[in-house]
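Down below are the structures I want you to see.
Two complexes, one shared chain (subunit A), two partners (subunit B, subunit C).
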Partner chain A sequence: MNAEIISSYLPLYGKAFLLTVQIGWIGIALAFLIGVICAFILFFRIPVAEKLVKCYVELFRNTPLLVQLFFIYYGLPAIGIKVGAKVCGAVGLGLLGGSYMTESIRSGLEAVPVIQTESARSLGLNARQLFIAIILPQAFTISVPGIIANVIFLLKETSVFSAISLMDLMFTAKDLIGLYYNTTESLFLLVVFYILMLLPVSIAGSFLEKKTRFKMFGD
Partner chain B sequence: MEEILRIEHLQKRFDDFTVLEDISLSVKKGEVVVILGPSGCGKSTLLRCINGLESIDEGKVLLEGETVNPGHVNVPARKKIGMVFQSYELFPHKTILENVILAPLRVQKRSKAEATEEALSLLERVGLAVRKDSYPRQLSGGQKQRVAIVRALMMHPEILLFDEVTAALDPEMVREVLDVILDLAKQKATMLIVTHELSFAKAIADRILFLDDGAIVEDSDPKSFFETPKTQRAQSFLRTFEF
Partner chain C sequence: MGFEVIFKGKNLIRLLAGLGVAMKISIISALISILLGIVLGMLMALKRPVLGAILRFYLEVVRIMPQMVLLFLVFFGVTKATGANITAETASVIVFSFWGTAEMADLVRGCLAGIPIIQYESSKALGLSRLQIYLYVIIPQIIRRLIPLSINLITRMIKTTSLIMMIGIVEVLKVAQQIIEANRKSDPHAAFGVFAVVFLLYFIACWPISRLSKYLEKKWEN
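And then the complex of A and B:
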């Protein structure tokens, strides 16, 4: 491996890294928002909306991100809606992630035992107080590991952004390999930057998981 | 003595199965009523109907003349009814003190200082004030159940319902919980107690109800219930506890 090549590539990877992180996190934020809304709809069994959410979840969980991105990127302009590659990436990731987040959050909400609800009701708590003070905090603790797993999964999924010509990490690596054939250096940097992107999330995730688990389940 | 709880012709069905059949009952202020009966006779369901956790199919439940409107919606009269569950049901994400003052703060809108003061004195009475900052998982079953009783008492209920509160406890922890309930009886709290602890029932009850197949088949004072049970079913029930 040539150190000179590596240092000359660094700025390009740096730029791609920032772009990947940026779109990745916007997509994840969107996914979380969609997940919370859809999970609430499922939990409260809101008629009609419940059916739509179920269809959405099945559709997006069972198709690859690459296919979804193609649909958004090439399909929407065909019906007259123009979207830029960045928006397309973030929205695509958000929609895919939303279906996963919905399931993680819903299962957390449903894992709170019914008798906890009864115990709170017997103390006179109304539906709103019950949901906010009793169900949500317990459900969150239960959902945290799933949510973190989803975040890590979604950050890795950003690697298909290159297919819609977003200059993310994967795109940069492929591009450089194609141009200069410095495969070893290019792939080495690719791994380093992915780890740089994911390791902090992993560590922060474990920390959050420990912190939320402590109260309810101990160490 | 004035009547506090009145049940008129209560009927409860789960699909085709009738759990409670035409239950009528009147409980006076300060009365301790123990409900006995074989498993599945509807004891717990009766308690759950009284505070509206179960809907009822026929009849009425009145607390101080106010209908405890059944169903899963919020029941205003329920604030006057305290319930303690077999499985404690403390809130695992809150400390002991937070568990105890949650409803007073949120439901009764009391001040935190005042609620905390009362909570600590009640916790002190059951010997658990030192554990106020612990989480439920750090307590033994008996301790958790004592906290659950304090939590119910904090709402100043007119009547307390105990649903087999010692059934999940190790034998050596049963006593500490029963002592707390005995203490409440001395202070003239109105209580409905479902239990399988016969000697406890004998000691605490002003009145014993014996339920079988969803109906009250005996309603008498403890002495006559245990010594001269009137019905065949009560006699055979009591015999199952003999060795």
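And then the complex of A and C:
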């Protein structure tokens, strides 16, 4: 391990880190948005949309992100739909994550005990109040562990971005190993930056999970 | 649209053979993971301080390190450090087993922790011996919970092994690229059709397995 090499590589990794984190979080935000919308569609059983959402969820949960990205980045331009690498990365991650988020949020919504809905109704709450004041808070609490697991999973999935020639951490490491053959230093920095990216999220996730847990009713 | 390329010559067979390479690695890794994971999961449930801390550390490493990084560490790092000649296939089996074992161990630990203490106490009150308690009461329940989860792990393994193309193994994505390159002149739209087929192939490989897992989970819910 050579400290000089490491310090000379740092700016390159720093840039790649920012890019990875940026696209990763945009993708996750997109995934959450898609997840909420699709979960509501499933929960309220909106006729045609329900079928479409089910197909989407099955399709994206059962294929790897790498294949999805190849399809979006290399396949779609062949029929005239061109997307840049960054947009492709964020959209790909968002679509993959959306299918996972849908499942987590939907299962949270469905896990709220029927007695809660019935009690609320008998107390005279209307449908809107019932959903906003009774179902949503409890469903969210139940969904939190799943959502956190998905966020960590999606952040890890960002490591395949290099396949669509995004200059992310993996790309930088591979490039530097190929150019200078300083394998040990390159891999060391790669690991350090991924720890930097994921450990805080992992810790914050466990904290959030503990914080929200006590709000569960009857547990 | 580029779907014609698929049926030209041996292209479809080559794609399927490529998928076979990825499948072979995922099945081997999944089997190793399930076996080792059961052992490690039981060790975790013992709650020995030192052993527990080591295993927790192992789980945490796997939890936050992308499989891609682990793949690079083994394929480039270990070979550089030890001078050993590890083929890409061996490296991927090592990495995916390392990852899968942790996942499986966590599932086993979760299942064991999920068995209510009342089950043990009631069995004891009925006069069952320790061996009988495990054999007739605990293990059957755990197996029913574990089988759907392990099947689910196999689909995750299949999806994760698509990464092997990044360390130079010729699998379905690589074959797809080769086919597109070879037909660039005659069919410039081939990329759409070929990648759509790869997408579909993965879906066909994973979907029935995850359906089975969901079906068993529902069926055995008590």
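Please note the rule applied: the second predicted complex is superposed on the first by the 216 of 219 C-alpha atoms of A that agree within 3 Å, B and C clash if a C-alpha of one lies under 4 Å from a C-alpha of the other, contacts with A are read in each partner's own complex, and residues count from 1 in each chain.
Note that contacts are C-beta pairs under 8 Å (C-beta built on N, C-alpha and C of every residue); 3 or more make two chains touch, one makes a residue touch a chain.
Please read all numbers here as calculations on a predicted model, not as lab measurements.
Contacts of A:E118 after superposition: subunit B is touched, whereas subunit C is not reached. When the shared chain is aligned, subunit C comes close enough to touch A:M170, but subunit B does not.
With both structures placed on the common chain, the touch criterion links A:L187 to subunit C but leaves subunit B unconnected.
Looking at the shared chain after the overlay, A:I46 reaches neither subunit B nor subunit C. Residue contacts after overlaying the shared chain place A:L196 against neither subunit B nor subunit C. When the two structures are aligned on the shared chain, A:L18 is found in touch with neither subunit B nor subunit C.
Once the two complexes are overlaid on the shared chain, A:Q138 sits against subunit B while remaining clear of subunit C. Of the two partners subunit B and subunit C, it is C that touches the larger number of subunit A residues. When the two structures are aligned on the shared chain, A:A127 is found in touch with subunit B, with no touch to subunit C.
On the side of subunit C, the complex with subunit A involves touching residues 1-2, 60, 63-69, 72-73, 76-77, 80-81, 155, 159-160, 162-163, 165-166, 173, 176, 180, 188-196, 198-199, 202-203, 206-207, 210. In the complex of the two chains, the subunit A residues touching subunit C come out as 58-59, 61-64, 66-68, 70-71, 74-79, 152, 156-160, 162-163, 170, 173-174, 177, 183-184, 187, 190-191, 194-195, 198-199, 202.
Note for the complex: subunit A touches subunit B at residues 115-116, 118-127, 129, 133-134, 137-138, 141, 215-218.
Those residues of subunit B that touch subunit A in the shared complex are 51, 53, 74, 78-79, 81-83, 85, 87, 89, 91-94, 102-103, 106-108, 135, 137-138, 151-152, 155.
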